[in-house]
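Take a look at the structures listed below.
Shared between the two complexes below is chain A, which has chain B as its partner in the first and chain C in the second.
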Partner chain A sequence: MTQLIVKRLLSGLLALFLIATFLFFVMRSVPGDAIDIQLAESGLSEERITEVKDEMGLNDPILEQYADWASGIVRLDFGDSLVRDESVLDIILRRLPVTLELSFLAIALSLAFGPIVGMLSAIRRGKPSDAILRVGSIVGLSIPNFLVGVLMITYLSEWFGYSVPIGYQEFWESPWVNLQQMILPAIALALSVGAATARMTRSSMLEVLGTDYIRTVRAKGADERMINTRHAFKNSLIPVLTLVGLQFGGLLGGTVILEAMFSLPGLGSQVFEAVRTRDYPLIQAAALVYGAMFILVNIMVDLAYGWIDPRIRAS
Partner chain B sequence: MVDVNQHLGSPTNPPSEVVDEDTDVSADASDSAFSRFVGSARHFAKTQKLGMAALAVILLLVLMAVFAGVISANDPALQNRGDVKVGPNGAYWFGTDHLGRDIFARIAYGARVSLTVGGVTVLVATVVGTLVGGFSGYYGGRFDLVLQRIVDAVMSIPVLVLALFIVALLGPSIRNLILALTIVVTPSFVRVARGEMLRIRSSDYVRAADALGASPFRTVVRHGLPNLFAPIIILASLTFGNAIVAEASLSFIGLGVPPPEPSWGRMVSDAREWIRLYPWMLLFPAAAISVSVLAFNLFGDALRDHLDPKLVL
Partner chain C sequence: MDTGGLHAETSDAVLSVRQLRTEFATRHGQVAAVSDVSFDVRPGETVALVGESGSGKTVTALSIMHLLESTGSIAGGEVIFEGRDIAHLEEREMRSLRGEKIAMIFQDPSTCLDPLFTVEHQLAEMLHLHRDITDAEARTRALELLRHVGMPDAEARLDTYQHKLSGGQRQRVMIAMALALSPSLLIADEPTTALDVTVQAQILDLLRTLADETGAAILFVTHDLGVVAEMADRVVVMYAGQVIEQGRVREVLKTPQHPYTAALLNSMPGNAAMTGQRLEAIDGSVPSLFNMPHACRFAPRCKHAFDRCTVEPPPVHELGSDRNARCWLSDPSESWRRQPAEVST
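And then the complex of A and B:
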């Protein structure tokens, strides 16, 4: 088990290194004058532009620039924001907790309903309720989350006169206000992940229900509820976990739009702003941070396999 | 809708299509690839009703995009100042927006934009991804190892964040949007093609081709790629839906298709201020996005049930 963790951490670090390299070369593959034009458009003064170009080391040889960027990352030094008078690292550290809270709330919500919907669908296979749940989950998968956000904001106030409290409050300042601000975007994000989870649980559970050991349990005389929950459901969760890990990336992308829409001061709305102001060092570092979060969550998923399935723990 | 119950994808109930396909083929009395395709398509039409409905919606969208100029009487960018925020009626089927533009025309021309972005992205990603993945799986070794690590790395950056980064660098335009989305979705095609190729590399017919002295290129293209058809076409359909979502999302936040080109995502964003009084401004573009994405997802799903029920994508 320890060996597995070490191995996964090492390959995670390698992936991070490759992401950093990839981002660097995407950034530099844009012709230099395009960056010039965009810097000119950004409305910075002449001196600031030369300064910025110097800071970004745009006049150094490319390998030297790369070495600078890579060694900066190791020291957690992502440079300074082009727009704000602050280091990129400070901005990220200030903004990240909001995004973490939102994305984990969304994951928790989708895990709260996705697998159960999938299980019910599998148990009632072929019945009308199964059809409804299946169509419902593919519809949930197909509605873009920004649309869900727009609809929620509009119709909650239209029909129920409810609007989200203005002015972001952190959880320990005011848990109730904070939850109200978080829950709607979290639901919008959880809808597609939950729907994907439901679909995966259904097909995985149907597979398990067809195995010999389920037949054995049934022949032994265990009651159906016991078979479904204890034996089949638990054993169908591994592919579901894998899926949640993979869906986490899409969820992080969704936080960018939803944080901006619900005025949550997270990393996503910061990225949104940075794209508008063309604050490249910030976007680049944020993309790296998102990559790191994705990798970390997937390592956690791998470890959770061992928790669910003792055979994996042993090997 | 009735046929949702017919679940072919379950491994507990192996699909009977293999047998049916054989009888179909022998009925045609020729074993050409074309007649096999016809047989398979006929079987698909018979068993996947929901998939056929989805296909019909997709064809309808394509027709709408191709004939946008014919079916809509008005210019999508024309601002009819006299007819601002008019509800759906005979002249404006879907009503007009806050600038007096014909929403039906904008939906139809928006379909052109969405399908172009989705289509070009998926086409390029399919060709590049399948070739790169195919060769990577065939050769294996160091090249494969390095390539797969790069694919893993690119796939760990959220699609929308990476697309935002690229569009921010290059500036919003349809071409840049397609470029960004292509970079973002190609890795999944590489991964799937590579996995399949790895699986069939040791099969007898590939080894026979090698033994007969076929060049690696010929082995991969002539013998390998046809076997990648099933997973790749399924992935392509699902990716098409995702590309439409990504285009709509980016246009929604003003970084996708630049005006005056009509885009569904931008229409939703324009409608936000007016929804309360003029719900049709939101209703139609929202429905256009959801229905087309749903159609591609359902079609991809039906294809999976039909071609390769065990495939996990």
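And then the complex of A and C:
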């Protein structure tokens, strides 16, 4: 098990390195440069502009720039933002907690509902409630989360006169306001992950219910509730875990739009803006942070596997 | 009432299956996987249920336990267990019988234990389901049970999972679980088919010893007549969803009354070698459930079939105590027609 985790960590680091390298070269080859634009607007002379770019290392050979940047990353030095007067690390540290809270809330919501809904659907297979739950999960899967966001914002104010409190409040300052600000985008994000887990749980549960070991439990005289909740549900969660790990990537992508939409000062809304202003250092660093989050979550999934499944724990 | 020709008293039997009919709903309509099965199992007795693959042995066993898939159901007949008909017993009442009074073990022990729970948990679960005992008591009892079924290093095995056990050890756990509450009937559906030959013998030994000890009757499903000779007191031969012959093991194996039984005996490697006969596979195959011959179901494959066999279904002929056969040739009143059975052991 430990070996497995170490292996995952190492391959995760390798993946991060590849992401970083890829991003660096791709971003540099995009035409149109924040510095050019800024400097052109600043009214400085051509010579001064070249000097400034020299100071920033932007005229060094690209491989040298890459080496500088890469060695910076190792020291968690991502350089300075090209747009804001702040180091990239400071921006990330300030913004990341909001994104972490939002994604945690969204994952927690989808795990609180998805598997249970899938289990109920499997138990009531073929009944009207199963049909409703299945249609519901297809809808949940197919509506894009930003659309859900828009619908929420529009109809909550239209029908209930409710609007999300303005001015972001941190959780420990005023949890109630913070939750109101977080819950809607979290639901919008949780919908598709929850629906995907529900569907996966349903089909995996149906498969498990047909296995020999479930028949054994039945042959012992256990009632349906015990069969379903204790044995079948636990066994059916194994493939669901993998799915949640993979879906987390999509969920992170969703935070970018939803943070911007709900004016949450997270890393996502910052990236949204950075893309517009071509703030390369920030975009690159943010992408690495997202990559690291994805990898960490998947390592947590592996740990959860070991916790549920003794066969994996032993290996 | 016609009891399917079986004249034994039902009152002294643990289990009396009477004209059992079990149907499945399929895409092509209802089919009867078991259409006329009657037999008795008396206290402490081992009855073997034999027949080729697809003859309905497992469906019969699962019907008794009410463990059929949701598409299957008992469509007729009776399953009299300890004096009451449980064929249509409510699920709640059935649950209190399962494990407690009727236990079952299955063919492939490698898929029959829950991979996510320890051996102890699964043994204790059986005890908790039917007895009001503490966890500590359950653990002690689980350990006793494991030792009793000859599990090596039993104490350490309590906390392991099934993937750490060999096939034989898994089947021992299943047996420990099945006999935990001293049921009066144990249904064993080909319990050794999936095991190595040497392990098979050990498990059969174990079953026999434990059944003697606990006084449990066994309904032993197998397609191996060699195992029948070794394990059973009586044998019930099934073909295409019907019982076609039954009787005491020694009599049936020595003088089979149904050509199918004779053919089965001839197709046994050990048996043919012993009697110096050619090993004969039975020609043809089991008829499809959708296309059953309407008279004798074995007629298309039977070397002794004559015109009547394809026209009129043969009744079950009683041939002395505990013995019957479903064949025109075994009609005692028409013994002039009778041809000598092909096997002489």
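As a working rule, the second predicted complex is superposed on the first by the 284 of 315 C-alpha atoms of A that agree within 3 Å, B and C clash if a C-alpha of one lies under 4 Å from a C-alpha of the other, contacts with A are read in each partner's own complex, and residues count from 1 in each chain.
The rule we apply is simple: a contact is a pair of C-beta atoms (placed from the backbone, for glycine too) under 8 Å apart; a residue touches a chain by one contact, two chains touch by 3 or more.
Just so it is clear, the structure is predicted and the values come from calculations on it, not from any experiment.
Student: Overlaying the two complexes on chain A, which is it for chain B and chain C: clash or fit?
Tutor: On the superposed model, which is not a single observed complex, chain B and chain C fit side by side.
Student: So in the superposed three-chain picture, is A:D77 touching just chain B, just chain C, both, or none of them (first/second/both/neither)?
Tutor: neither
Student: Going by the contact rule set out at the top, does A:D68 touch chain B (first), chain C (second), both, or neither?
Tutor: Neither partner.
Student: So, A:V150: does it touch chain B (first), chain C (second), both, or neither?
Tutor: First partner only.
Student: Decide which partner touches more residues of chain A, taking chain B and chain C as the two options.
Tutor: It is B that touches the greater number of chain A residues.
Student: Is A:E273 in contact with chain B, with chain C, with both, or with neither (first, second, both, neither)?
Tutor: In the superposed model, A:E273 contacts neither chain B nor chain C.
Student: May I ask you to decide whether A:I308 touches chain B, chain C, both, or neither, giving the answer as first, second, both or neither?
Tutor: second
Student: Using the superposition on chain A described above, determine whether A:T216 touches chain B (first), chain C (second), both, or neither.
Tutor: After superposing on A, A:T216 lies in contact with chain C but is clear of chain B.
Student: In the overlay, answer first, second, both or neither for which of chain B and chain C A:N235 touches.
Tutor: second
Student: Which partner does A:G254 reach: the first (chain B), the second (chain C), both, or neither?
Tutor: Only chain B is touched by A:G254; chain C is not.
Student: Once the two complexes are aligned on their shared chain, state how close chain B comes to chain C by Cα atoms, in whole Å.
Tutor: After superposing on chain A, chain B and chain C come no closer than 9 Å at C-alpha.
Student: For chain A, which residues lie in the overlap of the chain B contacts and the chain C contacts?
Tutor: Correct list for chain A: 210.
Student: Name, in rising order, each residue of chain A that touches chain C in their complex.
Tutor: Counting only chain A, the residues touching chain C are 210-223, 231, 234-235, 308-311, 314.
Student: Show me the residue ranges of chain B that touch chain A in the complex, using the header's touch definition.
Tutor: Residues 1, 4-5, 7, 9-12, 149-150, 152-162, 164-171, 183, 241, 245, 248-249, 252-253, 255, 265, 268, 272, 275-276, 282, 286, 289-290, 293-294, 297-298, 301, 312.
Student: List the residues on chain A that touch chain B in their complex, please.
Tutor: 14-16, 18-19, 22-23, 26-27, 30, 34, 38, 125-128, 130-131, 134-135, 138-139, 141-144, 146-147, 150-151, 154, 158, 203, 206-207, 209-210, 239, 249-254, 256-257, 260, 271-272, 274-275, 278, 280, 283-284, 286-287, 290-291, 294-295, 298
Student: Over in the complex, which chain C residues touch chain A? Could you list them?
Tutor: 65, 67, 69, 95-100, 103-104, 106, 108, 111-117, 125-126, 129-130, 161, 163-164, 174, 177
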